[in-house]
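A short worksheet on the structure shown next.
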Amino acid sequence: MNSFGRKFRVHIFGESHGENLGIIIDGCPPGMALDPADFDADLQRRKAGAAGTTPRKEEDKPAIVSGLFNGFTTGAPLTIIFENNNTQSKDYEALRKTPRPGHADFVLDKKFNSYNDYRGGGHSSGRLTLALVAAGVVAKKIMAPVTIQARLTEAGGDTDIERAIATAIAAQDSIGGIVRCRVQGLPPGLGEPFFDSAESVISHLVFSIPAVKGIAFGAGFAAAKMTGSQHNDSFIDEEGTTATNHAGGINGGISNGNELWFDIAVKPTSSTPKEQMTWNKERASVAPLQIKGRHDLCVALRVPVVAEAVCAIALADLKCLL
Amino acid sequence: MNSFGRKFRVHIFGESHGENLGIIIDGCPPGMALDPADFDADLQRRKAGAAGTTPRKEEDKPAIVSGLFNGFTTGAPLTIIFENNNTQSKDYEALRKTPRPGHADFVLDKKFNSYNDYRGGGHSSGRLTLALVAAGVVAKKIMAPVTIQARLTEAGGDTDIERAIATAIAAQDSIGGIVRCRVQGLPPGLGEPFFDSAESVISHLVFSIPAVKGIAFGAGFAAAKMTGSQHNDSFIDEEGTTATNHAGGINGGISNGNELWFDIAVKPTSSTPKEQMTWNKERASVAPLQIKGRHDLCVALRVPVVAEAVCAIALADLKCLL
Amino acid sequence: MNSFGRKFRVHIFGESHGENLGIIIDGCPPGMALDPADFDADLQRRKAGAAGTTPRKEEDKPAIVSGLFNGFTTGAPLTIIFENNNTQSKDYEALRKTPRPGHADFVLDKKFNSYNDYRGGGHSSGRLTLALVAAGVVAKKIMAPVTIQARLTEAGGDTDIERAIATAIAAQDSIGGIVRCRVQGLPPGLGEPFFDSAESVISHLVFSIPAVKGIAFGAGFAAAKMTGSQHNDSFIDEEGTTATNHAGGINGGISNGNELWFDIAVKPTSSTPKEQMTWNKERASVAPLQIKGRHDLCVALRVPVVAEAVCAIALADLKCLL
Amino acid sequence: MNSFGRKFRVHIFGESHGENLGIIIDGCPPGMALDPADFDADLQRRKAGAAGTTPRKEEDKPAIVSGLFNGFTTGAPLTIIFENNNTQSKDYEALRKTPRPGHADFVLDKKFNSYNDYRGGGHSSGRLTLALVAAGVVAKKIMAPVTIQARLTEAGGDTDIERAIATAIAAQDSIGGIVRCRVQGLPPGLGEPFFDSAESVISHLVFSIPAVKGIAFGAGFAAAKMTGSQHNDSFIDEEGTTATNHAGGINGGISNGNELWFDIAVKPTSSTPKEQMTWNKERASVAPLQIKGRHDLCVALRVPVVAEAVCAIALADLKCLL
């Protein structure tokens, strides 16, 4: 319920069109140097602006309002707050009567008895990944010198990403993609046999990223078609280095010291510019719907930095629990 | 750390070759009829015996030692204990020197400073899925009349499962498979936007099943190749029924009332009968290894009932939290 | 670690002299009317100003930055933020060398490797009870029509509170006090046999109030001197009304429907104006210390509204868990 | 809900007259020597037998069924199970109609819709302290060389305990008492400012001991009558040794390295032999009740070893979280 972690814990809050959104990072050890500029690179990567992303522009300036003193973490909760400025809430008023296909409109209305803030997706908005990225910056510092890097390897079924975006823009239809995340330098021993396997904890957080519908570690679904002698990674030295890495760096739920890697399936942005059919409450019938508002045509473009962030948060908690 | 759930909580314990294994189920509402015979069907499904499964035979008789009174749950912790009888521990003594490829031997030794019970995989053994299946029986009762059904849809890349097993036996090499799980009758509203999406909670538990390396909800990885207009599921009535179900019955992390479905990738059993190469600590070199002991040739055969169990546990917790 | 609760959860952050302090309230049901003015009465009661309280004046205006939409809670995290304006940090610089008797200076410095924000007590400051009181306002709404009322029954050993304060001002020495909290209208059934008894959950939170050193439910320590026939509260009707209430409305850790009541022991404010002896790091010897800064002479005066708040938070969580 | 702890976690189960009771201890580090004989001394101290205690005799032999291998903890959950043998359940059948004053009969019936196992107090029985004492033995090992010692300092208002018991036996009326617990050798730094102060965590567990109604750290309620200059403990050296110890070894919720000490108020055993009045459901009127069954006349006699156990569990969790 908006919290994650046992020792390195994050608590997220905010809405797409509310006053603020942010995150409390609890369990951060004291004495870690932290500067507002440390957030620049990842927040910039997450920002919209490229072809295929939303025209909504926000400054996304992190305010560290607690837990930092003289440039170092204090051990008290680290709270990072952002402002929402560039909101156009009138775009959303019509949508209460016509739940958008692929969106959470319908379920949020049911779950929260119509009291949810529906503007821009409210608390469910991809806008909240801003807070995740900020927490990821802190988690990456805790994990250093481990490196965590994700990139979009495929969009709309095409590994040439620029071409894929151009095609989507031409077709005026949203597309999905595959993001691969690689973690290097991780020591063996992170994760538990039950229930907090490295895969469990990482997948738990990865499925908090809007639009993610699948995750596969190492060979993943391809492993299901392999034989044991093909799939098994032979150990080749005392440190546990393996000749291959079909297991994605995890055996029995525990990191084995080789590269940890996984793929994420991102579905196409629900808010496609294409006209769609959906239930219209006012007409009490299925009717066409044209989605307005500012949306990413390929939300997968913005997922890599978020995937890195949640992976870092998951690993930081496992590390702090050791 | 061996516990899962916020309101409907399970705590697992035991080892493959220890005296007992079992599970505490906490948060079970009082007044639910429960009989030892209720466990028969699912425990029988999990049992070995078919072609492609281990020759180890256990009685697997559940002892309900607390939380049950006059045939009804009391609201106090429900504890279910099993005995291990048919253990052959000498098979495992040699393995400390030669970590088996694909196994947790290496990481467990590192993580637990060589104090782990290595016999039969110890606490990491697939034997502990027995306790999960028992808890799943209770969770399914809580979820009734919702039905949860999983089946092996593919083994070793072949959808004809019998042929796949025959091929593996002939080749004397283990194989993996794909398990599909379907949940029918689920109301809308289960799951949270952050961080406990239905996908997050289900995947967290599914990755506690040994040998699982991937999970995909609805269209899953195929969704990454679709356009928004192809993927989006149009609502066709007031109750939220959708024309298609690419989302797997989950929007924005919350169940939408349609069938919830997902696929699990199960890797080939690590203990393949084929000779493999691995690091040999005594020789300080890579050397051939022939795995002995009693193992499943296709562990995926035994996964469906376990997948149902963990899915039921995940959903029961989300339901109890409403 | 800065979080409390299982279903109705609070996460506190901030420091005495930092930019902001606040609290996330998670698990608040959607559809509850909430207005910034609802906080006025309790925040006013907590404010300094009376004889015996600190001269530091703060506006203490709550900003509800998430979780509220059109005047109603949404079911998403409710975040309430306050500003710190009236800070005089230079008062505290000298204290690093001379840990104040009765204060957390020494232990905070040890625990956080000297990285803690020591200004005004930092994250350990009584200033953070502002956030608790705000969360208490929300919790009281959830508990309505249950009423929770606390008052100072004794200060410096005197039940005439005004006289006690006058004496302390004349003596220029801080004093403690006893706060009694009464909860009326509570239904039976809140609390668990293990480990979350009503007493356990309430005491857990009450000991988060700075300066509290004891808690006693019902007859409390006097019960230890009574016989069973004196202490037992006879049930006198079908609803469980008892003839006496030595148990403080709790049997076996569970509310019994009678008035729940308890007493809290508040020690004298550590920052007494009297000169004291303590270890002086610079001199490497015990030396006299005169505490400066702005402090309450009788911090117990400000505890009742905080006690009500934490009691309400504890009960709201127990209620939401039913 | 039957679990306690964040890193060193215990999960309790069982009933007074059920088949088994026990506890899972999770988070215990691997490599700790543990022998069944290690439990003898504390289990013996808890046993009935002395004047003023129940005539029910049980063998109380701990079976360590998981988590132990070759005499050392493995890092997997340590499960300790006891049997109930000497049960006389027919004693309790009449009580459903007449809730015993001071007992949980009434609230348990309400809370669990009459499905609770009422025999011998069921899951709420003092019998479950057996499991707490067993977990305490493990926790004490984790805390070594810290020593935790509790003793009954007063019974029925008399510091001569033998005389107090004799008086109670003569009067055939149960009595309460005061237990003092002392912890020596504790390093500074255990406990958190919010919400997990050392007092919070200890009191949370202490109020899980049946019959406890009050707790006071250091000077406790007497502190409320002291002035700041009387109460404050002056630091006298670099290590934080204090001249006095009114704070009970805890400043700002954090251990300060001095002796940690607290007093517990134990009410008289509810099951007094004296005839009492209570509501009689069959007669629909207040009527006399004579309690049968086997009970402690002074349950406080058996509390010290339980108090040590829960104190050790609380401290072990705080230590493991550092």
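Note that the chains take the letters A, B, C and D in the order they are written out, and that residue 1 is the start of every chain.
Following the convention adopted for this analysis, contacts are C-beta pairs under 8 Å (C-beta built on N, C-alpha and C of every residue); 3 or more make two chains touch, one makes a residue touch a chain.
Because the structure is predicted, anything quoted here is derived from the model rather than measured.
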Same or different contact residues where subunit B meets its copy subunit A, judged by the half mark: same
Chain whose mean Cα position lies farthest from subunit C: B
Whole-Å gap separating subunit A and subunit D, where each centre is the average of the chain's CA atoms: 45
Distance from the mean Cα position of subunit B to that of subunit A, given in whole angstrom: 25
Distance from subunit D to subunit B - Cα centre to Cα centre, in angstrom: 37
Per-residue multi-chain contacts in subunit C, two or more chains: 1-3, 6-7, 12, 76, 111, 123, 193, 321
In the complex with subunit A, residue positions of subunit D that touch it: 6-7, 76, 193, 321
Touching residues (chain side subunit D, partner subunit C) in the complex: 1-4, 6, 12, 99, 101-104, 106-108, 110-111, 121, 123-124, 128, 154, 156-157, 168, 171, 173-178, 188-189, 192-197, 199-201, 203-205, 207-208, 210, 212-221, 223-238, 240, 242-243, 246-248, 251-256, 263, 265-272, 274, 276-279, 281, 284, 286, 300, 321
Of subunit A, residues touching subunit C in the complex: 1-3, 7, 9, 11-15, 18-22, 24, 26-27, 30-31, 63, 65-67, 69, 72-77, 79, 81, 111-113, 115-117, 122-123
